[in-house]
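Next come two complexes built around chain A: one with chain B, the other with chain C.
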Partner chain A sequence: MNTEVREAIIESGGDDVIKCYQCGRCMAACPWNLLGGLNYATYRFCQRIKLGAIIDSEEKEAIAADTIDVFRCVGCDACKSECPRGVGLSDVLRAVRRILVDFDSYPGELKSVVARLFNSGNPLGEPAEKRADWAEGLNIPQYTEACEYLYFPCCFPAYDARAKKVAQASARILKRAGISFGIMGKDEFCCGEAVRRVGAEKVFQTAVKQNTELFKKAKVQKVIATSPHCLVTFTREYPEYYDGFKTRHAVQVFDQLIKEKKIVPKKPFGKTVVYHDPCTLGRQMDIFDEPRAILKSIPGLNLVEVPVFNREFSVCCGGGSMGLWLDWPQDERLANIRTEQILETGADILCVACPYCLHMFEETMKSMDVDIEVMDISEILEASLD
Partner chain B sequence: MNEIFALVEHRQGIIRDITYELLSCGRKLAEKGNTKLTAVILGHNTDNFVQILKGQAHRLLVVDNEVYEDFNSEVYQTALTEIIKRQNPVLTLISHSAFGVDLCPALAAQLGMPFTTDCLDVELAEQKLKVTRQIYDGKLNAKVLLRENAGYMITLRSGCFPAGESSLDGVVEKIDTPVSAQPDYRKFIEYIEAAVGEVDITKSDVLVSVGRGVKEKAYLSIIEDFAETIGGVVGCSRPVVDAGWLPKDRQIGSSGKTVKPKLYIALGISGAFQHIIGMKGADTIIAVNKDPNAPIFSEADYGIVDDLFKVVPVLKTKILEMKQAKG
Partner chain C sequence: MDIIVCIKRVAQTAEADVKIDSSGKDIVKDRLTFDMNESDTYALEEAILLKEKFGGTLTAVSLGTVQAEDTLRIALAKGADSAIRIKAEDFEGLDGYKTAQLLKAAIKDLKFDVVFTGCIATDDYYSQVGVTLAELLGVPHATLVTKIDIQDTKAQVHRELEGGLIEHLDMTLPALFTIQTGINEPRYASLIAIRRAAKKEIKVIGASEIEPTGIQANASLEELFTPPAGKRAEILSGSMDEISAKVAGIIKEKGLI
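Up next, the complex of A and B:
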């Protein structure tokens, strides 16, 4: 028994292993097992860790197989919501990843992302000077104490040509509603969610330091996030280091603005729309009703649900925990399974509320050659405003 | 100043192109430092090499033995340690290739020499060596001053010193081999050739890359024909590999290859960021896509919004006309 590995994993935050009694419910809940034949035996991880029998082989192939299994988890927490003991398997695997990352034994694609994030503050390796380019022409001020909110688009909506449209739509809605907000622009750094989940803890600490110092200095108290990944990180992980600010997701703010009649969706949106619950917004932050309330407030919009797999049973797009950088074989992609489920609804439009989901589904729709448009909830909402 | 050495790299009887770049770099440094350049040839049946390289260096140091016919870093290390100890060159230039990176670190360690890899530029003055190399994933160039020493060693990145013309008349000096057999623990076995038709997309100056917009595998022949006309090779984005139309080694992007060609033509590629990360270093990017909102246009220097099957034949005809006009 290799107690050294076990102790190291527990010390790195994997203490939930002790709770697991291997009932196997996690395996039934894990989206990877919706793919027939993959047999991703999640329930074995904890036992193997307790026995010190993970990454203990000296065979290169056995280590590689272990590593792939450890990095397969997308951190969707479907397992956690089913676990009778509340084991956070994604946290346990994150602890294992920390050790693998320390030993530089992790997938090359992820190493590049971690390096880019460390060097330039975003996973795309784009220069910080371009971070506010998305806001060009929108007349959004730099955040100062005079602003009520800091709008934090995070990396994909700041840089990716497609996701920029989400940041732009969100900012325009906030402006229409007369919300006082500013942005950090080039000073903003990635929230660090993905690097933490992938196990690159030191890089995460860099992100925390950069952002918290920035927030402290500018006296930020309220943040609006477009990415639920930022939301969950700011809400659950940052308070350990700095808790001087509160974060809300854009859908929470939009929902409130509609209820307060500060924005009124009037233009009919004559389409059938299916809403996909992002794991980080739904299961992890319990935000299920607000996006649905927004969509229901839009005239002419026919909201449908994915049968069974909706709300807390939503299936991950596969983009979490840096999954969007891993190139799984075509028959091993979570987005394909989810797309099949979405297609069953017969919707014209898939509505998402997360930049990862947006990207994963747009690419999947194209590669599966299916005719369903993917839109962020901010884009649909904006289209319905006068 | 003592001489400068450049190690001749060869494979299967042919001198590798990087050798001419090493010699070009060596000549420049020798001229500035008022010293001489020696091409070090470890090989077998080297007459041909001597003939070719005679004009490229002041001196050709030849060690001819069958043990050097194929590259084995152990053999090269032992031999070069002896030679360098005896001749004391101020600087030894070796290519930053699989060959060089296998050999050089151990060789420098054995000789106790200051050593840097993957250098883009070299300055040598008053016995001090300053090199330029990249850091932070190629974002910054760092100048590195090496600990002062009588001799230095570096590996040089290919493409940094264009192989120049030279009309020296190198003195040929043959010396006995310090090594006569490969060690038992590390022997050269064989060359395994890449499968016929396999293309290294990272080496081409011109890349024609296709995405989902190509629609069917059958249409790839149009793209291949176009690529051939303009002297390029065909790469692709992930969906083309997913569909099984091109092999994985043609995929460009974060989970495929990173390319930096002089010209990158993206045909029917929307431009997901995973793809863009793999090609944004290209000198000139031309994108053709039916969708004016395709993200690829934000990376492109030139964009054409149209069906690639309309654009490609027109481009091909124009290029052929220009070629003919040039004669």
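Up next, the complex of A and C:
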């Protein structure tokens, strides 16, 4: 037993290990174990940490395999929702990662993302000056105290050519509904969710400092987020440092606008749509009904569910905790499993509500050469407005 | 076998927006992450592999500020037995020659059969330190090494040349090798080793321990600047076929084929 390793992990935030009694429900819930033959022994992590026996081999290959396993967890929290003791295994693994990241002993692909994010304020390494380019021609004002909401697009919709359309559709819907909102543009920094989950705590602290100072100065009180990753971070992580603002996800706002008849979906959509619950929006923020209510309000839209694996049993796209940047072999990709489940529904459209899911599924559909379109919920909603 | 590996902590600039600071002689570093120089990670791994095979000692040496001790601790966690930091803050105007002289001063009293360095540092790209250090130590060297086989005091070494060629050398130890990336697969550190390394003492030497006579730079940095945009770049537009035809036309026109 190595008590020193155990204490170091607990000190880094892994205190949930104490609660685990190795029942194994986490392993049954973990999406990685839907892959045949991977055998991702999640239930062993806590016990191994209690014994200080994690990444403890003298063999180079065994150390590498163990390290990769620590970074394999995508933070979807399927395990946490099944755990009878409420163990946050993704938080436990984050504690291990913090120690490894401090010693630069982690995958090079992730190091590059951390470096880019720290340098440019976004994981894509795009210049801050271009952060508001997505809004060109939309007449969206810079946020001032006069605005009711700050619209926070997330890095992907701010820069990625495909995801920009999500920010644009969302902004146009808000404008149609007469919502008063502005954007921050170049001064905004990534929310830091993924960088924190991956264990790069110092970079996360930079993100928190930059954003909270910006929000304080501009007197931001209400935020609308397109990414559930921004939502969960602003809601659960930021209050420890600054709690002067509240965040809602775009689907919560859209749902309310429909209920208040400020927007009315009238144009028939005429397609069968399957909704994929993002882990951060569904399991982690308990937002299951609002996106379904939006889709059900659209005339002609036939909403179907993935059998069994819907709502709190949704399967992660694999993009969380920087999984988006880890290049797993074809037979080790969570998005492939999820895509197969989605294809079985026979839907024409896969509807997502998270920029990571959008990216992961777009890429997966290309690599699997299948005929289903991926759309963000804002794009579907906008198409149904007059 | 006694081994020394020289490592450098460098800013990760490959994908960063690099800006020159107000002195005009350095870059702004407050938004850059730092890590062990890439080819040094391969040099360290090669050193660990040799130590695993033959036993002996492995000493990691770095010329750097106090933050370089973090990088030395990574070397300790992966397999180095001891580490020495040369205080960069004690010395000004560090070019490749002066750096090599300081490294020599730090290791001259150590027993060694092999000295490893990376083949190039990704901050200044001098590629001078390894070869200069070998000369100062009076030992043979091979650069851009992609394979090493050691039998007793003999080493068979592969070097990477232009055009995909490999040069095969037979060398006698002690010798210095500058290691090319890709020679091996650098390892991760175990958690136990990380904890141990966090507490290990690092020997620190500076101006008061190093005899300054003769230690000097032979080049000084005058200015860093961003090269002006070229005037001869032309972006071709049109369909793939049209662009291909234009490219072919330019190549013919210039008499390149």
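Everything below uses one rule, namely that the second predicted complex is superposed on the first by the 386 of 386 C-alpha atoms of A that agree within 3 Å, B and C clash if a C-alpha of one lies under 4 Å from a C-alpha of the other, contacts with A are read in each partner's own complex, and residues count from 1 in each chain.
The working rule: contacts are C-beta pairs under 8 Å (C-beta built on N, C-alpha and C of every residue); 3 or more make two chains touch, one makes a residue touch a chain.
Here the structure is a predicted model, which means the values were calculated and not measured.
Asks: Do chain B and chain C fit side by side on chain A in the superposed arrangement, or is it a clash?
Replies: clash
Asks: With both complexes superposed on chain A, which partner does A:M27 reach: first (chain B), second (chain C), both or neither?
Replies: In the superposition, A:M27 touches no partner, neither chain B nor chain C.
Asks: Looking at A:A115, would you say it contacts chain B, chain C, both, or neither? Reply first, second, both or neither.
Replies: In the superposed model, A:A115 contacts both chain B and chain C.
Asks: Regarding the shared-chain residue A:A95, is it in contact with chain B (first), chain C (second), both, or neither?
Replies: Neither partner.
Asks: Considering only touches as defined above, state whether A:S57 meets chain B (first), chain C (second), both or neither.
Replies: Second partner only.
Asks: Under the stated touch criterion, which partner chain does A:A347 make contact with: chain B (first), chain C (second), both, or neither?
Replies: In the superposition, A:A347 contacts neither chain B nor chain C.
Asks: What is the contact status of A:V87 with respect to chain B (first) and chain C (second): first, second, both, or neither?
Replies: neither
Asks: Look at the residues of chain A and decide whether chain B or chain C touches more of them.
Replies: Result: the larger residue contact count on chain A belongs to C.
Asks: Classify the contacts of A:A78 with the two partner chains as first (chain B alone), second (chain C alone), both, or neither.
Replies: Neither partner.
Asks: Does chain B (first) or chain C (second) touch A:G125, or do both, or does neither?
Replies: Both partners, chain B and chain C.
Asks: Could you name the one stretch of chain C listed in 73-81, 181-189 or 217-225 that collides with chain B in the superposition?
Replies: The answer is stretch 217-225.
Asks: Counting contacts the way the document defines them, which residues of chain A are shared by the two interfaces, the one with chain B and the one with chain C?
Replies: 112, 115-116, 119-120, 125
Asks: Mind pulling up the chain A residues that touch chain B in the complex?
Replies: Where chain A meets chain B, its residues are 109, 112-113, 115-116, 119-120, 124-125, 156, 159-162, 324-327, 330, 359, 363, 366-367.
Asks: Which chain C residues qualify as touching chain A in the complex?
Replies: 12, 14-17, 31-33, 35-36, 71, 73-74, 77-78, 187-192, 194-195, 197
Asks: Give every residue of chain B touching chain A within the complex, in rising order.
Replies: Listed in rising order, the residues of chain B that touch chain A are 136-137, 139, 212, 238-239, 242, 254-256, 270-274, 276-277, 295, 297-298.
Asks: Hey, which residues of chain A end up touching chain C in the complex?
Replies: 2, 4-5, 8-9, 52, 54-58, 60, 63-64, 67, 96, 99-100, 103-106, 111-112, 114-116, 118-120, 125, 127, 203
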